[in-house]
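Everything below concerns the one structure shown next.
Chain IDs A, B and C follow the sequence of writing; residue 1 opens each chain.
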Amino acid sequence: MELTLPDLKIALDTAWVLFTAFLVFFMNAGFALVESGLCRAKNCVNILAKNYVVFAVSTLAFWLVGFALMFGNGNPLVGLTGFVPSLINGSSSFSALDWTSVPMAAKFFFQLVFAGTAATIVSGAVAERIKFGAFILFSAVMTAFLYPVAGHWIWGGGFLSTLSTPVHDFAGSTVVHSIGGWAALTGAIILGARLGRFDRNGKPHAIRGHNMMSVTLGGLILWLGWFGFNPGSTMAADSRAIAHIALTTNIAAAAGTLTSLLASWYMQKKPDLSMIINGTLAGLVAITAGCDAVSMAGAAAIGGIAGVLAVLAVFGFEKLRIDDPVGALSVHLVNGIWGTLAVGIFATVDGSIFTGANGLLYGGGMAMLKSQTMGVAVVGTFVAFASSAAWLAIKAAIGLRVGAVEETEGLDEGEHGMPAYVMNDEVSDFAPMAAGEFAMTNIPGTRRIVAENTAALKR
Amino acid sequence: MELTLPDLKIALDTAWVLFTAFLVFFMNAGFALVESGLCRAKNCVNILAKNYVVFAVSTLAFWLVGFALMFGNGNPLVGLTGFVPSLINGSSSFSALDWTSVPMAAKFFFQLVFAGTAATIVSGAVAERIKFGAFILFSAVMTAFLYPVAGHWIWGGGFLSTLSTPVHDFAGSTVVHSIGGWAALTGAIILGARLGRFDRNGKPHAIRGHNMMSVTLGGLILWLGWFGFNPGSTMAADSRAIAHIALTTNIAAAAGTLTSLLASWYMQKKPDLSMIINGTLAGLVAITAGCDAVSMAGAAAIGGIAGVLAVLAVFGFEKLRIDDPVGALSVHLVNGIWGTLAVGIFATVDGSIFTGANGLLYGGGMAMLKSQTMGVAVVGTFVAFASSAAWLAIKAAIGLRVGAVEETEGLDEGEHGMPAYVMNDEVSDFAPMAAGEFAMTNIPGTRRIVAENTAALKR
Amino acid sequence: MELTLPDLKIALDTAWVLFTAFLVFFMNAGFALVESGLCRAKNCVNILAKNYVVFAVSTLAFWLVGFALMFGNGNPLVGLTGFVPSLINGSSSFSALDWTSVPMAAKFFFQLVFAGTAATIVSGAVAERIKFGAFILFSAVMTAFLYPVAGHWIWGGGFLSTLSTPVHDFAGSTVVHSIGGWAALTGAIILGARLGRFDRNGKPHAIRGHNMMSVTLGGLILWLGWFGFNPGSTMAADSRAIAHIALTTNIAAAAGTLTSLLASWYMQKKPDLSMIINGTLAGLVAITAGCDAVSMAGAAAIGGIAGVLAVLAVFGFEKLRIDDPVGALSVHLVNGIWGTLAVGIFATVDGSIFTGANGLLYGGGMAMLKSQTMGVAVVGTFVAFASSAAWLAIKAAIGLRVGAVEETEGLDEGEHGMPAYVMNDEVSDFAPMAAGEFAMTNIPGTRRIVAENTAALKR
């Protein structure tokens, strides 16, 4: 087989798509660490399990149903071809993805990790009170139906992509983050607040997270993952595009970090690390829609505003008595919206790799901003209603919320029968001991067993 | 120097090989986190140290000896050329690797990270009772001799690769995982169970892991690492191949996750997160041999069966009174075997990128299954005997097992003189204090020192 | 647009540069984990926050000022063009980077992550006593001025790069690591030792780290990150170069791991895991300058010596009563110097991809060693003075060190108002409870709130 230049380009593009998809896959670890760390130790296994299993569920659901609904050939509302695709050879069922020439398997894999991200966003907002089974079920509905249908409208050739000024959502501020955010919002409302979060006068009581080491590592993994999320959405190793997008992504993250740092320092007197990390994520969510379409300065502005919005929104949702244990709504919903609208304001054809229209600040008038607003509103309305219906159906079928006793004792014991940490199960303080004298362990009868086994060992 | 298309292809292939090798290298972190988290806090430093140092040992041993034995030109049993290779220029000593055109240094590096993986698999099964020095020594033997010799038979041009139907082990279900698994099995048997694991009536007592945060992160790092392990084994950025393999790898992982979830939920009443994570790993181990040769549906079946096998095997090894603290045997040995055999069942030339023969289910008859069975049996027999000999030799030379006192107190203190966690070493509860009043720390005399230093600071 | 071979090469090179830059970015996580784990739990949030925020600060400072001073066209002492660059199109302001053909945005991004690394090195040496704001301020000065100016001399076309035998510092043993190390040294001296570290007789008291799980993971992340740091510094996917550099990097790391293991085992009686991890990092720092210029054997020697130096230096700095909580000086300063000098000893044109001159051991005489020594001395002198001035200016302006009460209580509470870990905030031991009986939490009044909310839930 002769080696050709176009083949080699496809090989490079495929390597790029897979590499970036792996980074996005790794965001599952980031979400697991951030969310579990920001919640209490007694619910840690449960949150880890949700975040771990959700990608497996997404893989099956998106393969069987979701990918076809999102990218299959169909009508402006939904895709209708390509269920349970074999993916080994090219397929004519997914003409909405014809713009990239990588193999069908690579297209699917890249889209799959995005679907998984949308599902995992929900996890944080419903943490510390949702039944494990109910969450798993919702994740399947999310990745099989909700995300694919709304995603079809913008990315699958649906009606929001064929407007005279199409909605521009390059890597998914709306398609991934605000869809996840709306489903998180309805879930948090329908579930209600955690016990003890608000007292009968509505006064909020802060519930502290339990592991900032994990939150910080998770935040950095997510920041890393976004270098897959945004630059990978080119689905080709276009040198100017991927370099520009890596930069706008990073500068928005940096700006969000610094403005949330300042906002937190000002409002809370001391810089709160969890606010700072959410500020980074807010900047990243916000730049996602327009990472290709704005300049370095535009990215800094978008991210900087996002960082402040994230801090304000945390207090706003608390005021509304909506209990979001990890700030998922402030990050993904609020800034998914902000980032999508911001494209209409900051898009610049000269200062970016974008070939569409200029935004408001660059002389493009209101056209883009109107389209973006419409995109936000239409998707939001649909997902808010559809996700509410899904939550309520699951509630009717198997119940959504664990019992009050289980919630108080912790979901780790109630749902999984195991604690996250066992630090003092056995001798751990290295107290000096006489040789041959064995410490008691808390397994009943261990002292005797140890003695017996030791004797046996000596024989 | 003129730029040519073949040179550029080599550059791309090299970038791909290195990128995927880095992911496989990072699996060291995954194994360290999973294994240490599934063991007790008092042995955490020891397990981390073993997993950390083992790659350094592998690097030296594989460079000096192992690479030559595995890939050197030689005979059907062993390679004999290329010891301590310089690797800077092409070498005629390794004709078994001529099929890929990347530089010799890249070939070596990719094979090295695989050797390291085989060695690190052993660590979990012998954890919480093996001497640090004994493990290090065994790792050197493993990567210098055991792994390279058996690996030569399948990957180095040895006798299992020249059968009329050659053994097909694309990325190493047998070569890496079952070799590691067999050495782990003999080690676990020769060492005996941990004190307290079984009482004198043979009744098992579960010993809980200590840190599920770490286990979960480790599991996700390993899942990520497998995207290097399998797609990288092409050793070239062949677009159709790497995309297909990424997908089969992922769907097997997802299926293993879900079936182990269901099996654990059914058998243990509640879904056990450590079982679920081992289920993922089981799916990944099992798909490793045939990731190139099976379809999406085949991969789902292989992974799904692997997830159930992993759960059943944990209880099986417990019945046999073999103590495997982290489930390494259930994951790597059982599913290394299953995955190798599965190629003989599920291989499909039409539904994959494979150009060999079809398996049993696709009309290929028993030919492949027979070869695969022979590969499993021959390699297993050799490694079981050779690793036993190595364990026993080390036992005779320096002893394998720590003393009962040390085991009870923990190997962190006994082998390394340091605890993994010091959470309450000093003031950590932020009790309100009057200015100028200093808390006691547990360093003798610190209160006085603090006072003195403070006075000094004020001068 | 027609596809051309040169364009495709640029695309591949850009993908390589971004991929490796992402790995270097991820080193921020490695540093955060290593440093916080090696310090006390009561200062963990503070150390995480410093390491987290420093990259955001670096992004802004390097974009606004630093990149222009380092790579802008100017004179032998400093760059003067290209402040606040737009980076979207090629720029004639940075002729020092013309040697690589990737887009300007990719050049900037790669250099940015290096600047961030230099800044983050400082963090460990000043940990557990520096004010958060003072560190942030110093980081800005570091990445806007100190690092760029000294870096200009070697990488930006400055006077050390135009010597008859130019200083050879391929990936930054001096430019990144020893610059960071010198600034860390002056900071540690000016701040003084932590309370309790030395008593009034100068006798040292070891202060233990609190989380070896985190340190080990961090160490492996840094090892991974170095596969970006060194092979990425080619700024092109040159197949022979990147494969060779990946190997020399790895073998130096492995050698440093093993020699520090042996040195620690010999000197401390038991192998200390934190010493071993620092030994790896020492090997990595040392090979950074000459990773392109030495052979496998040379790399093993450089890394092996580095591992011993790291262990010895820890005790050396302790003797000098310089308090470096994480061993940053032993790793980055001592081995940054050693690695730079080692190029003059081990450089080999035949055994590497280097096209310069041979070092001392390969018949090149003293020429290279002299240049390297001069590079070390000039950069060291400048950074020692300039960083001292910066530290003293910040001390005068806002103060450097937290109060003694805050230091004793921990900086997490004092600087951030939050603890890193809340393990026992609420029910976490799963003691058997009668249904309906709720555990007390330590949020005032929670028992009552729980009861009320439960009642509400039942209505």
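Going forward, a residue touches a chain if its C-beta (ideal position, glycine included) is under 8 Å from a C-beta of that chain, and two chains touch if they have at least 3 such contacts.
Quick caveat: nothing in here was measured; it's all calculated off a predicted structure.
Q: If more than half of the interface residue numbers appear on both sides, call it same; otherwise different. Which is it for chain B and chain C?
A: Different, since under half the interface numbering is common to both chains.
Q: If you fit chain A onto chain C using the CA atoms, what's the rotation angle, as a multiple of 5 degrees?
A: It works out to 120 degrees.
Q: Please compute the C-alpha centroid of chain B, do the same for chain C, then give the distance between them in whole Å.
A: 29
Q: In chain C, which residues are in touch with two or more of the other chains?
A: 5, 8, 12, 15, 19, 211, 217, 419, 421, 423, in rising order.
Q: For chain A, which residues are in contact with chain C within the complex?
A: 5-6, 8-9, 12, 15-16, 19, 23, 40-42, 192, 195-196, 199-200, 205, 207-213, 216-217, 219-221, 223-224, 227, 231, 237-240, 242-244, 246-247, 250-251, 253-255, 257-258, 261, 268-274, 276-277, 280, 295-297, 300, 351-353, 404-405, 408-410, 412-413, 419, 421, 423
Q: Tell me, which parts of chain B touch chain C in their complex?
A: Against chain C, chain B makes touches at 3-5, 7-8, 10-15, 17-19, 21-22, 25-26, 28-29, 32-33, 36-37, 44-45, 48-49, 51-53, 55-57, 59-60, 63, 85-88, 102-106, 108-109, 112, 132, 211, 214, 217, 415-428, 430, 433, 435-439, 441, 443, 445-446, 449-450, 452-454, 456-457.
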